[in-house]
Each structure stands twice: as C-alpha cells, then as structure tokens.
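Common to both upcoming complexes is chain A, partnered first by chain B, then by chain C.
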Partner chain A sequence: MSAKYGYYPGCSLERNAIAYHQSAVAVAPVLDIEFVELDDWNCCGATEYIAIDVLPAYALVARNLAIASRQKLSGGNQNQVVAPCSACFLNLSKVDKYMSDAPRLAANVNTALAAGGLSYKPGSVRVRHLLDIVVNDVGYDAIAAKVQKPLYGLRIAPYYGCLIVRPGFQGAFDDPEYPMSLDRLMGTLGTTVVDFPVKAHCCGGHMTQISEQVALELIRQLLQNAAEYEADAIVTLCPMCQLNLDGYQEAVNRHYGTKYHIPILYFTQLMGLAFGLPAATLGFGKEFVDAAAALNKIGVQPPPKPKKERAGKEALPMPEMAAGGLSHES
Partner chain B sequence: MVAQRSAAGPAPGAFMDEVIAATPGGASHLELCVQCGTCGGSCPSGPDMEHTPRHLFAMIRAGMKEEVLRSNTPWYCVSCYYCMVRCPQEIHITDIMYTLKRMAIKEGLYRESSAADAPDFSETFIDFVNNYGRSFELGLATRYHLRHHPLTAVRKAGMGLGMVRKGRMDLTPKRINGIEQLQAILAKARELGAEDGAISQGGRQ
Partner chain C sequence: MSPERIGVYVCHCGSNIAATVDVEEVALWASEELGDRGVVVARDYQFMCSSLGQELIEADIKEQGLTRVVVAACSPHLHERTFRTACKRAGLNPFLCELVSIREQVSWVHTDRAAATEKAMAVVSGGVERVTLHQPLEPLHVPIHPATLIVGGGIAGIQAALEIADSGYPVYLVEREPSIGGHMAQFDKTFPTLDCSACILTPKMVDVGGHPNVTLLTWSEVERVDGYVGSFTVTVRKKARYVDESVCTGCGICTEKCPVRVLDNTYEAGLGYRKAVYRPFAQAVPKYPVIDRENCTYFQRGKCKACQLFCPTHPKAIDFEQKDEILQFQVGNIILATGYDLFDCRRIPQYGYARLANVFTSLEFERLCNAAGPTGGKIVLRDGVTEPATVGIIHCVGSRDHNYNPYCSNICCMQSLKFGHLVKERTGAEVFNFYIDIRTAFKDYDEFYQRVLEDGVHFVRGRVAEVTDAARLPGEEGKLIIQVEDTLLGKQRRIPVDMVVLSAALQPRQDSTEVAYTFGIACSANGWFIEKHPKLDPVATMTEGIFIAGACQGPKDIPASVAQGAAAAARVLGRIHQKELALEPVRASIIAERCSGCRICNNLCPFNAISYDTARMITEINPALCQGCGTCVAACPSGAITGTQFSNEQVLAQLYGLLLLNVSSGPVQQPQPALVPA
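Let's turn to the complex of A and B:
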C-alpha cells in the first residue's frame, strides 16, 4: 500500500510552477506515494504578509495547519504535510515552531482561529519538503531501482536555494550551507553532477519586484557559476528559484551583455524522465529558457510547442490587448 | 524579560525592548548581539544595504529609532536566513528585519528610505490574499508595477504576458470556499494585534 501524505501545493504550484506540480504528481505513483491535497487551503503569505501585520500572518498560516491536523489519512503518515515550495515549507514549519516556543503567540493564534471554528495544537503537524520525503522516506536505493533510462551525460547543477535548508524550524534534513541530498538524487538518476559552490545561495526572492538591480546580480552569479562548470541545466526544488533564474535569465543577458542559456528544471521532471515517463506528462515546455538542447542530449524529444496564439478569435481576452501595445515598447 | 518602563521619556534600551516585544516566536536574543559581523558578511544583500545587520543592531541598542526605521536594510533583506543559521548568538535576525519593516510602516518612515516601494508590493500582495485566500500574480504585477514603475511596467507586463502564454499565470484570481471563515480569522487576529499595540503581539514567553 502506498504511503499517503497531506499535500499543500501552495499558490505557485497551481499556476506559475504547474510543471513542478504535474511532474510531482506523475512520479508519485512510481515512488509508491500518494498525495492528499489539503481541503480548501489558503496562501501561506509568502514573505509579504508578515512584513505588514504579524498576528494575522501567523493566523493565515495556522489555518492550513489546523486543516492539516484534522485531515484523516487512512493508513497514511498521519499529520505529515508535504510542501513542494520552499517558501510554503518554511512558513508552515516556522509557524508551528514559533507557536510551540511562544505560548502567548499560540494562544492568540488560537483565539483568532476560533473565530473560524478552528484550532491548532502546536507540534501536531510535521511539515516536510518534497525533496525530504523523496530522498529520506522513499530513499536512494528504491529510487535507483525505478530508474529505467539513466540520464547519462547530462551535466546538472543542483540548486537548493535558501529556505529548504535554512533554518530548519522543525529540524533540518540536510546541511544549511552545503547540502548534498539533491546532488545524490541527481547522481542516482545517472546525471553528471557538477560542482556548484553557490548551491545554497539566494535567488533574489522578491527583490526582482523591488530592486531589479540587486536581484539580477544575485541571479547572474548563479548562472555564471553553472556556466563555468558547463552545466546543461540547473535543477531546482522551489518555484521562486525557478521563476527568478528562468524568467529573468533574458533580463540578465540584456543587462550584463551575457549569453547564458541554461534551462531551469525541477528535480521531479528529471526523475520522471529517468523513470521512463513521457516528457509530455512532466510539464516540459513551460520554461522560458528552452530545454530542448538539454533534452536532446539524453535522447528525449521535447513535447511539441503549443501553436503561437494569433490575435483573433482565440485571443486571450485581456493580455492580448496588452500585447498590442507591447510590440511598440521602447 | 522585557523591562516595563514608565513614561519618563524613552530610556536607553527602550527601543530595543520595543523591537524585542514586537518579535513573536520565543526569545529573539537581540540583546545578546556581540557585534561579530558574521551576519553582514553572510548577507547576499549586504553590499546594497545602507547598514549591515550588525550595524543596525548597534543602532537599535543605541536607541537610534528614526535612523533605524529610515534605513533601507530591512527592505533589502530577502529572508534567506543565512545570517540566522550562522549567528553565534542565535539571534532571530530575519524576524527582527520583519519587525523593523512593520515599525517603519507604522511610523511612516519607510517613505524616506531608498526602498520606498517595497511596502506597497507587500500590501498589494496581501490585499489579494485577504480577498481571495490565494495570491494572484497577474493582478499583483499589474497593480503594483503600474503604480510604481510605470516606465518599465510595459516590459514587466511583457513577462506577465509570456507567463500567460506559457500557461503559468491565471487571468482571474481563485477564491477559496472558506473565504468568509478566513476573513473572520484574520479580522480577529487584527483585533487581538491592535489590543496588543498594533505591532507587538506574541512577544516573549
């Protein structure tokens, strides 16, 4: 019987990081695990809510913990919730930990939750990052046994970013400065793991929205490092990291006059390929920096590109109007 | 313990007590800073900050409230927790940065910092969360950038458009079923927070 976990996708996996969600869902049955999505979960507040208002920020997250704690998983890992997004993972585990450490905070949060008929007992939900359950619950040996098409020859820079390893509010599962679990996982899939000294450095987080200058430099350093080690792709485990390195790669090239072309993929996408799943089920094609060259290297045909939308009857309502203005941008 | 001070003008250390009291989640250890500089040396935003975290904490200790709340430092913190795992005194540095953001907003001082747009990004974000229970990237991008970066908004919208084409951005926000329940919870939390002095709830203990 497969191992069940509560599943908190978070807002990013619904849309921006849909490739992460699709590939996670696709590899789960191969790994004999089952995700049960939390009923009517809400946003974790990212790094924004707590910058404005603290108690509501904790209550916001605690509603999810309350829902998780009463979710019944028959024969599953009762009260274990998997969060694939590092920011969600951090917020959920942090609120649980701080409520445990500060009874007055816990009491206030519970008074707020009671207004919605909920309650949460600190310590009752264990929050796990998706990578953690893959490498520690499933394990490298079990994963190796499922590899049908080893990804030989593909050079991978394993990128962890910050929040999966820092600070480890419910106990860290890997080193906060030089983690190795993703390296080992990628090696298990047959890839050549390149040295990537900046693997736990920051992707810039929300700075792309606040000071592009700061963000682009942080992104450039990561791309430069991967380029120096001739990585075919950077593999990530966080939607924010993926978006910053992928969506802003062109902006970095424009800003610095560089020519980086490094696709940014989710670890679950590569697991799917190594397990022999069709690329089309793994969310390929959503990336801005085309992954075709990297995929060709391991003999995988990228799924056909969706046809270019033309203004006209199939036009998307609002953004197509914006598109009209775009061609004239300076 | 946080000292309870009487109203005879701000005593030295009063600002530090205020910061500590407004940082929930157990002991923040701010008062234990030994000025070793590990935090600033680890910080990815360090070069762009007006003050390193170490410097800022010395200013807090010295009671330089206005200067601290005008600094761009908290707004340039990207919440990477590097400092926090390295700090020998286990100071909750990242949480203190959040506290300083909230205080700067309350005092209106952030408008004078070089990161004056940052609070509005956060506020626009939480507006969507309050109304829908979910974040909404397209709405966030358009509302925030049109207001603050009209000159580059078109280019940003270009990326937004690419996101829509790639199926990576929704055109309309999703609303959770329990939005009324969530709003009741958030309203109660706001009320409790206000009773406790707007920014300082949770505190120590």
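Let's turn to the complex of A and C:
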C-alpha cells in the first residue's frame, strides 16, 4: 500500500512552477506515495501578507489547515500535509505553531474560520516539506533502488534557499546553517555534487519587486558561486528561488555584464530523469535558461574519480568528515 | 498526652525570618497550643545559631529535662549539625533534635505576614510530631584505608597524586592513555606567563613516575568499584602493552623500525602521525611504548614483527603474547580527575572545519605552535609550508550557544589571546579575534589582554555567521572569508583571512555518565560531575569518599585544575589522618521478612548500596554505602525498606502535625493504624 499524504500545491505550482508540480506528481508513484490534494485550498499569503495584517493573514493560512484536518488526508493516526513550496511550508507550519503557543490567537483565528463553517485545533495537522518526505519517509536507499539512469557527469549545486531549514520548531528536518539532505539526495541520483557554500543563502525573494538592485546582487552571488564551482545546474526545491535565479538570470547578466548560463531545475525533475521517466512528463522546457545543453552532458558511465591532488610532502593531514556525511567532489 | 518533654526554639535570623513571620507569636502559640503534644518550653531568639542561642537550648535540656528539641530556623543543610552538636553537649542524643525550615520554605518565599506566620506554626507542629518518634542513634564508624585511587593522569590528577604521595601515603594513579600528562602535554605555551607547558609539566610527571609511593597504572582503566568510603575494592584492567616493562629500556628502536604510520588523533589532535608501536611523546611517563593492535601489521596480518626483531634487549621486550591483566586493590578514598573532551567542530559545518583545509581547531593549533609538533612549531597552513598573512580566531565555538553548549568554556578567551600573541610573535601576520565578551578574570589575565592589544591584534565583537571560500568582493579570491556582524560598528563585515582557528568548547568526556555510574556519583545535565556544594564543597561529591578535581567538574584552566587537585588531596589526607570516619546513621534498611525479592529497588540506588543475596533471595543494603536518600524506601512495593530518621511513621506523623492547625476548620483524623506499616 502506498503512503498517503495531503497535498497543498500552493499558487506557484499552478503557474510559474508547474514543472515542479508535474515532476512531483510524476515521481510520486515511483516512490510509492500518493498525494491527495486539499479541496478548495487557498493562497498561503506568501511572505507579504503576514507583514501587513496579522489576523487575516493567519486566518487565511489556517483555513487550509482546517480543511486539511477535516479531510483526514493521510489516514492512520497522523494527518500530514505536504507543501512543495518553501514559503507555503513555512507559513503553514508557522501558523500551526503560533496557534499552539498563543491560545488567544487561536481563538481569534477560529472565530474568523467559523464564518466559513470551519475550525482548526492547533497541532492536529503535521505540515511537511516535500524534500523531508522524500529523504526521510522514502529514504535514500529506497530512492537508490529506483534509479535506472544515473545522472553521471552532471555537476550539481544543491540550493536550499533560506526558508526550508529555518523554522526552528516542528518541521525542521535539517541543519539550518549547512543542510545536507539535498546534497545526499543528488548524490544518490548519481550526480556530482559540489560543496555549495551559499546553499542556504537568500535568493532575494520578493525583493525583485521592491528593490531590484538588492535582489540582483543576491542572485548574482549565487550564480557566481555556482559558476566558480563549474556547476552544470543549480537544483532547487522552492518556486521562489527557481523564479529568481532562472527568470532574472538574464537581468543579472545585463546589469553586471556577466554571461551566466546556469539552468535552475527542481530536484523532482532530476529524480524523474534518474528514474527513467520521459522528460516530457517532468516539465522540462518551461525554464527560461535552457537546460538542454546541461542535460546532454549526462553520461552512461560514472565520471572517473577526480585525481586527488598529491599533497606536498610537508602537507598536514586534513580532518575527515564524520561517517555518514557526504564527501564532496571539490 | 505525649510522654516526651519537647523544647521548641524559633529563630529570628535577624530580619531574615522575623520580617515575614511573627516569630514571637509562633513561639507563644507552640507553648500554649502544643502543650498536649509534649511541648514544655517554647522560645524565640534573634540568632539561635549564636553561642548564646545554643546555650539557651543546652540550659533548657539540663534544667527542664527536655527529651526532644525542635529548632525552627534555616534549612537543615546549614545548621542541623550546629544544633545537634549543642544537644549532644547537653547530654541529649543529637538525633533527637529536629531542625525545621521556616526561612527557605517560609519567610523567603512568602510576602503575606499572617499566612506566613500560620505556615510557620504548621511547620513547627509537624516537627514536634515527628521528633516524638525519633530514636536515639549512634554514628557508624568506618576505618579509612590509607591508600588512594586517582583516576586520570592530567595535571589535576598528577598534582593530587604528588600531594598525597609526598605525605607518605600510597597512591594508585590510573591513566587510560599510554602516558600521563593529559591535555597539558599537548600545549606549547601557557597563559598568562607564556612559560613552556612541557617545561613546567614534565618535572611533575617525572616525580610521579619515580615516586616510591605511587603505583602508576597507564594504559589502564577502572572497571569496577565495590565497597564504600574507607574500604573500596577497585578492579582495574591493565591493557596489554605488548611490551614487557621489566625488560624494556625505552630506547625507541622499535618505533623507529615500525613500518606503519598511523594518524594520531589523540596526542597530535589529528595533525600528525605516529607509529603502530609508539610513545605519545618524547617525555612520556612511563617511557615504555605500547603496540596499537588495530594498526599493527603483525596483529592484523600475522606477519612483520619488525619491532621484536630489532629490539636490542635480552630477552626481547616486545611480547606479542601479553594479555590484559586484571588488578584488584583496596583504597580508602578516590579522586576523579578525568578531564574533558574537545567539542567536535564538524558539528558547526558553516565554520568549515573538515571542509575547508585551513580551518583549524584550538588543539590542532596548539600542536602547530609546539616545537615538538608536526611542523616543529612553525605556524603554517594545511599545505605545511605557507605562512599565513592573516589569521582569524573565533571564540566560543560550541559554547555559549544554545544549539550546542549553553555554558562558557572558561579557558577560550585566554587561549585565543595566547594564540593571537603567538601568531604575532612568530609570523607577524594580522590577527583578528571574533568574540562575544572578553572574559579575563583572575590574576594577571587582564594584563595579558592589554599586552595582546598592544601587540596589535584586532578585536571584532560579534558572533561569526560563517566561514566561506565563496569570494564575492575583490581581494577575497583564494581566501577564507569570515562573515560577521561587528556589533560595535553596527555593520556586517567580511574579513578575508588565510587561516581560521576555532576556539572549541570544552565538553565532558564522552563516557562521563558511565564513569559517574561506575563510581556512584552524579553528573549534571551537561555531563560534568556534580560537586557536593558549588561554593563550600567544590571537590567532594554526594558520595562519601569520592572526590573530583579539574575539568571533569566543569571547564577549568591549569591554575584552577592544580588548585582543585591539591584541594582534593588535602581532603583525602584529612580523612587518612583521622584513621576512621563517623558516618551519619541516616540509612535505609531492609525488613527481611517483608522483602519479596522483587529487585525493583536494585538498580535505583544512586550510590550502588543495594545488592541482591541470591542465596536468601532478598535484597540487602550496605549501611556504609547508603546515603539515606530514600529512593528505595519510596520504591519498595511491599514497604520492606525503612529509612532511619525517615520511617513511614515519622513522615506520616509530620504530615499529621502540619495539618493539625486546621483541625478546628475541618476534620483531620489521626492517621489510621492501617495506613501505618507496623
């Protein structure tokens, strides 16, 4: 029997991030998981609404939680909802947490929900990010067993963005400063993973609308670093990050006189490729920065192990990462 | 009507109690209302613990023929002994005196005077009921064996061993590593005087090694401790060295000839190599090497024996057939000086340790600076040749951080200042210290800070966000960039450096909880051993006869560790001189006919006082080990364990007394006989 999860796609996955949605839905059966979309879900308010008017913002998010709890989505004793978008994931888990901590807020939100015949008991829905489900519920070993066409030769910069690892409460599943789960997942698919130092830095979010100068600089830093590491693609797990790095790459090039050409892909797209699913079902071709050249690099043979630079005779030993940690290629 | 003649003494404690409790009223109430409970005299006095206060009690005992005494004052932790001793002087068995707390549990925690006064009356009443059931008790006397076990051969253990051995008493010093010396042997210079660590340590190591009163057991671990204060039986595993100490001359030819090079994660902190047969360092005590079985070609593949072949002694000192030895001996007291472990900097990946080559831990840096270290004391990058032009030193790595350890590691500020000075002295590089606060308490420490400031070391106040090799600005290429909020400047800064040193936290030994269990002492939530009193008894533990010294009790520098080692030794010597020790007779005991042998209590005792008699199929309690905590008394499902001074009857009587005040406002019954186990 496949594992069932409630599915909250969020607005982005219907439009700009439809590739994320398509590829997530495509890989789910391979991983033996089933998504049950929430009935009549609404926008999570993204990053802005909470800054403008708190109570309606919380009620807006809580409405989705209320629907999820009513639907008894995943069966069993845990009602779990998957959000593929980092902003949705953060907003949903944040509202659940704040309602648990502040009974007055919970009461006010429930008064608002009552107008629509809904109510939400804090803690009754567990909100999780798609990456969390994939690496922790399915697991690396099960994923490795499904890999049919390893993505040999593809150099990947794993990019987490700033939202996914930051809720310091229920929902946190990786190190907030230097996460490794996506690194390990990409390694499992056969790609060459670079130790991307800016992996948890901000993509600029909606700064593109507010102060483009700031956003372009943040985006440039990410692109520059990925280029220095000779990454063929940046892999992301957030529609916002994907949009900024992909949609604004040309703007960055124009503004700074650079020539970056780094496709920005969703981790689910690469999973689909590695599982041998047809590229057409994985939303390829929707990206602004064309990924075709990068994908053509995928070889059938694992790349030769990079020759360790022979350390000089005087060189001091380098400490090793703890067992279980991924050793990066560079 | 009680057959006892009870005196009640209510203390003002200056204004500590009297400001919140109407003490005169309490005394008056006791003499009037508790007369039928046996109270024949009740007094209040400004300072009951003063000589005059004590004399008041003594006079009443003699003149009024008191048979019981209740003192209502501070916590028994403070003055129970004072008042018991006063009673004893007046001829009353000291255990017929009960001290009830109306300060810690009444005046200090209440503000409503009327309510506090009423509660004080209830507390006094409880004491009166309880003391009526007290029995005269005699202290237990146990002889003290003159030998002492010291666990851990770092500077604290060495100091304690020398103090005791020099006084003429035997010491067993057990060390897990092949040599004594501990962390201090790894350091180059010591703050604040910058004297050479080895130069001040090795004479003490030599003294211990050759001392006629010290039995040095290195490459050994304590497996078991049985018995109790005065006569512990210690079982030690002396691991096979594969070197016959009676023949070996310590010439070192075996090490020279050994073909296997092993990364040394202990003494060299992973920065250098040793052989499979090795001495950790040149001045090791004892001088005998050990064979590291896991890495020895002969033990792994059955061939080699180069060390034995070239060993120049007759007969050969290398003995591949040697087995672990189990030793047993008696000691009267035990000092634990097991030290600390360094925080694993890999746990903070954003600081880059083990990812970025030129990020070093503080211990690695000590080895870099050490003239006997892998670089001969040259401060160089991981390539072994390049001298850094800029060095960043990050304080509080893994300490003062709620993600890792909340506490301050005490030594890191001074250690980082020392590093800064050494870098300046030896390379002339620019040095940046990144700190939260500079803590240079203690003698001559702040003067050292001033000196380092004058050296031109830069100080940036702020917790470092990350160390990265992702260059962003001109001048950052090929450097390690330290991203930090300079909280004095109110600005984010990016400071490119060549080398980063992480001043890592001191942590309890990874097996500290098991060690604490072996010795029957307690660990804090962090894992440090807990002292008996944080201020007034810092080297004793709640277990009689077990003392602690040095960093195993909490992060500590060398002067403090030495002081604690000497202090623990002084405590032990005091015990040895007394020849026997009087123990409080507050003990749990088993009523054999009630014990069903269920063994529920067996693993609960924090002092390992409970054992199971398989022949009689009942549990037994060793009175010398028992500290009277009462855990087993509460746990026993058949009421078979009773605590002297803490019997069910006594506790129920105290409860009855506490509730007596309310008799008028509601029916409070005398405890039913059925509730009280006979």
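The rule is simple: the second predicted complex is superposed on the first by the 289 of 330 C-alpha atoms of A that agree within 3 Å, B and C clash if a C-alpha of one lies under 4 Å from a C-alpha of the other, contacts with A are read in each partner's own complex, and residues count from 1 in each chain.
Keep in mind that, in the parts below, contacts are C-beta pairs under 8 Å (C-beta built on N, C-alpha and C of every residue); 3 or more make two chains touch, one makes a residue touch a chain.
Just so it is clear, the model here is predicted, and its values are computed rather than measured.
When the two complexes are overlaid on their common chain A, residue A:Pro197 makes contact with chain C while staying clear of chain B. In the superposition on chain A, A:Asn225 makes contact with chain C only, not with chain B. Judged by the touch definition given at the top, the superposed model places A:His255 against neither chain B nor chain C.
Within the superposed three-chain model, A:Leu60 lies in touch with chain B and out of touch with chain C [touch as defined at top].
Shared-chain residue A:His206: touches chain B; no touch with chain C. Once the two complexes are laid over each other on the shared chain, residue contacts for A:Asn108 go to chain B alone; chain C is not touched.
In the superposed model, A:Glu177 makes contact with both chain B and chain C.
Ranked by how many residues of chain A each touches, chain B and chain C are led by B.
Touched by chain B in one complex and by chain C in the other are residues 177, 316-319, 322, 325 of chain A.
Within the complex, the chain A residues that touch chain C are 175, 177-178, 180, 195, 197-198, 221, 224-225, 228, 311-322, 325, 328. Within the complex formed with chain A, the chain C residues making contact are 263, 270-273, 344, 346, 348-350, 353-355, 357, 374-375, 380, 382-385, 466, 468-472. Per the touch definition, chain A reaches chain B in the complex via residues 11, 14-18, 40-43, 45-56, 58-60, 63, 90, 94, 97-98, 101-105, 108-109, 111-118, 162-163, 166-168, 176-177, 201-202, 204-207, 209-211, 213-214, 218, 247, 285-286, 288, 309, 316-319, 322-323, 325-326, 329. Chain B meets chain A in the complex at residues 22, 24-27, 44-45, 48, 75-76, 78-82, 84-85, 98-99, 101-102, 105, 115, 117-119, 121-123, 125-126, 129, 133-135, 137, 144, 154-155, 157-171, 174, 176-178, 181-182, 184-190, 192-193, 196, 199, 201-205.
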